[in-house]
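After this come two complexes, each holding chain A, first together with chain B and then together with chain C.
The block that comes next holds the complex of A and B.
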């Protein structure tokens, strides 16, 4: 069944075809407000799916904290790589 | 091995962007505002906790002091979350930086003093001299009370910094000891491991207590001056 054609820039990332990727990337809003809006959208999607449910469990917060730990590890990697155990430093 | 024990407290950077920005914004991501009448579980639990805090903090204050409910509550909640998040592996605790704690303590303390001086100057100056002091002691006591008043912001900031820094440092030291002892003396290593577990439990408690103490003292200074 043929849907009405939706403009590329309105589609979410997981809905576009591979050939449309450069066009999608070019049409994103890269201003500071654009980043803020993008962050807001992403966070609200996560929030309404995992945390804002009637019987949420520890999974939602656990995912947030794990993501935070991962980001901290990646951010600190330059410093952490000196902490490996080796014979000669 | 860590090159320098205090390296864990240096503000980490990547591409020039300090991690402290994410570390300080993290409490906003963990905060779930109650947007409906009957909210989700996490929001409801958090709401219950905040109401308990508010009641505890606001009960000794009089009516004009109740307008301070939101700032005090938010400071308490932010400090609590920042301290607790700092206990996760590889994370950075902004409250170990003296600059941040002084930036919180000094303006807030100054506000309480200025409010007291503006609204009831006689009463706030009268706090300098406790009731019933013998007359010869009055000059010395006034000096002492003034000094103790002026040192409050320093005490507030440094207390928070020192407690958290000391805790983190101890955890690093003891975990290094445990790892180093493990190949040669496993039993001693096991003892050290038990110590580490107890210390981590203490750290969690200290994180919560320090946030509480900070806010409580601020509300106390407010109480004197409102």
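The block that comes next holds the complex of A and C.
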């Protein structure tokens, strides 16, 4: 199954080999419009895969809420650090 | 017809060549339009179910990703190990929010397991109704358009018979002309006959009048020419003739 060689910058992050990572990072578009486009792309991929279906399950919203919980924990970790039970781990 | 024009105009190659001409308008277009592949066909239908998610939060692709190397229990071992690591290093701190979070998650799971099916069925019913109305609209529109096509074909078939109509009209007009012509002919004939009859009647009348006049004039002249003398002589002669006739009549008897 040898396809035509696709240029590195068009591949998704999970599809590239480890050696191509620097090249891939260098070929990304880091302008503000690039970030907006990247966000749009990611959102559309998630949306069309998990939410925009005829019989969607709990997974779509549950993943979003779980991500929200995790991100809010990470952002508040400096504050939660002070409630640790032991000083040395 | 306009749809055909639009579809023809949307051919990408043609539109790319049209792009420079668009800059003549009020909006200056600096980048070429419609360079991606145009999907003119109807959109593909929505997929039936979304991506698979295990335990509600972890996509199935993760399990498949780890399956070749670690088998079925790999991701669960990874999860357990990560959890113990976070707990022991207190990257995840146990505090009052942990209890609240566990309670909330427990209630959520219980609620979803109990009422998830009902909610899904209700949502499906709503969607079914919407789809039914939309399909009705689409079907009725298709039907009406097909009917319009049928009617159009019928009209086209009718057009073929237009020579009948024109022949009939031509015949009607010819008959009208003929009738009119004959009526006028009759009028002419009657008028001419009337005038000729008049002339004939005038001639007869003149003739009769002349005859009468001549007869009366002759009678008058004859009466005038009979003098008294001749009248007496003629009366005497008549008497003599009568006597002779009476003698001959007596003799015969």
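FYI, the second predicted complex is superposed on the first by the 82 of 89 C-alpha atoms of A that agree within 3 Å, B and C clash if a C-alpha of one lies under 4 Å from a C-alpha of the other, contacts with A are read in each partner's own complex, and residues count from 1 in each chain.
Convention: a contact is a pair of C-beta atoms (placed from the backbone, for glycine too) under 8 Å apart; a residue touches a chain by one contact, two chains touch by 3 or more.
Please read all numbers here as calculations on a predicted model, not as lab measurements.
Chemist: Mind working out whether A:63 is in touch with chain B, chain C, both or neither, as first, second, both or neither?
Modeler: second
Chemist: Per the contact definition in the header, classify A:80: touching chain B only (first), chain C only (second), both, or neither.
Modeler: Touch status of A:80: both partners.
Chemist: Contacts for A:72 in the overlay, against chain B (first) and chain C (second): which applies, first, second, both or neither?
Modeler: first
Chemist: Kindly classify A:49 by the partners it touches after superposition: chain B alone (first), chain C alone (second), both, or neither?
Modeler: second
Chemist: Do chain B and chain C touch any of the same residues on chain A, and if so, which?
Modeler: Shared contact residues on chain A (touching chain B in one complex, chain C in the other): 51-57, 60, 69, 73, 80, 83, 85, 89.
Chemist: Which positions of chain A touch chain C when the two form their complex?
Modeler: 49-60, 62-63, 66, 69, 73, 80-81, 83-86, 89
Chemist: Using the touch definition up top, name the residues of chain A that touch chain B in the complex.
Modeler: Answer in residue numbers: 43, 47, 51-57, 60-61, 64-65, 68-69, 71-76, 78-80, 82-83, 85, 89.
Chemist: What residues on chain B touch chain A, complex-wise?
Modeler: Chain B reaches chain A through residues 1-3, 7, 12, 14, 19, 22-23, 26, 29-30, 32, 39-43, 85, 88-92.
Chemist: Chain A touches which residues of chain C in the complex?
Modeler: It is residues 46-53, 56-57, 59, 88-90, 92-95, 101, 112, 116, 120, 124, 127 of chain C that touch chain A.
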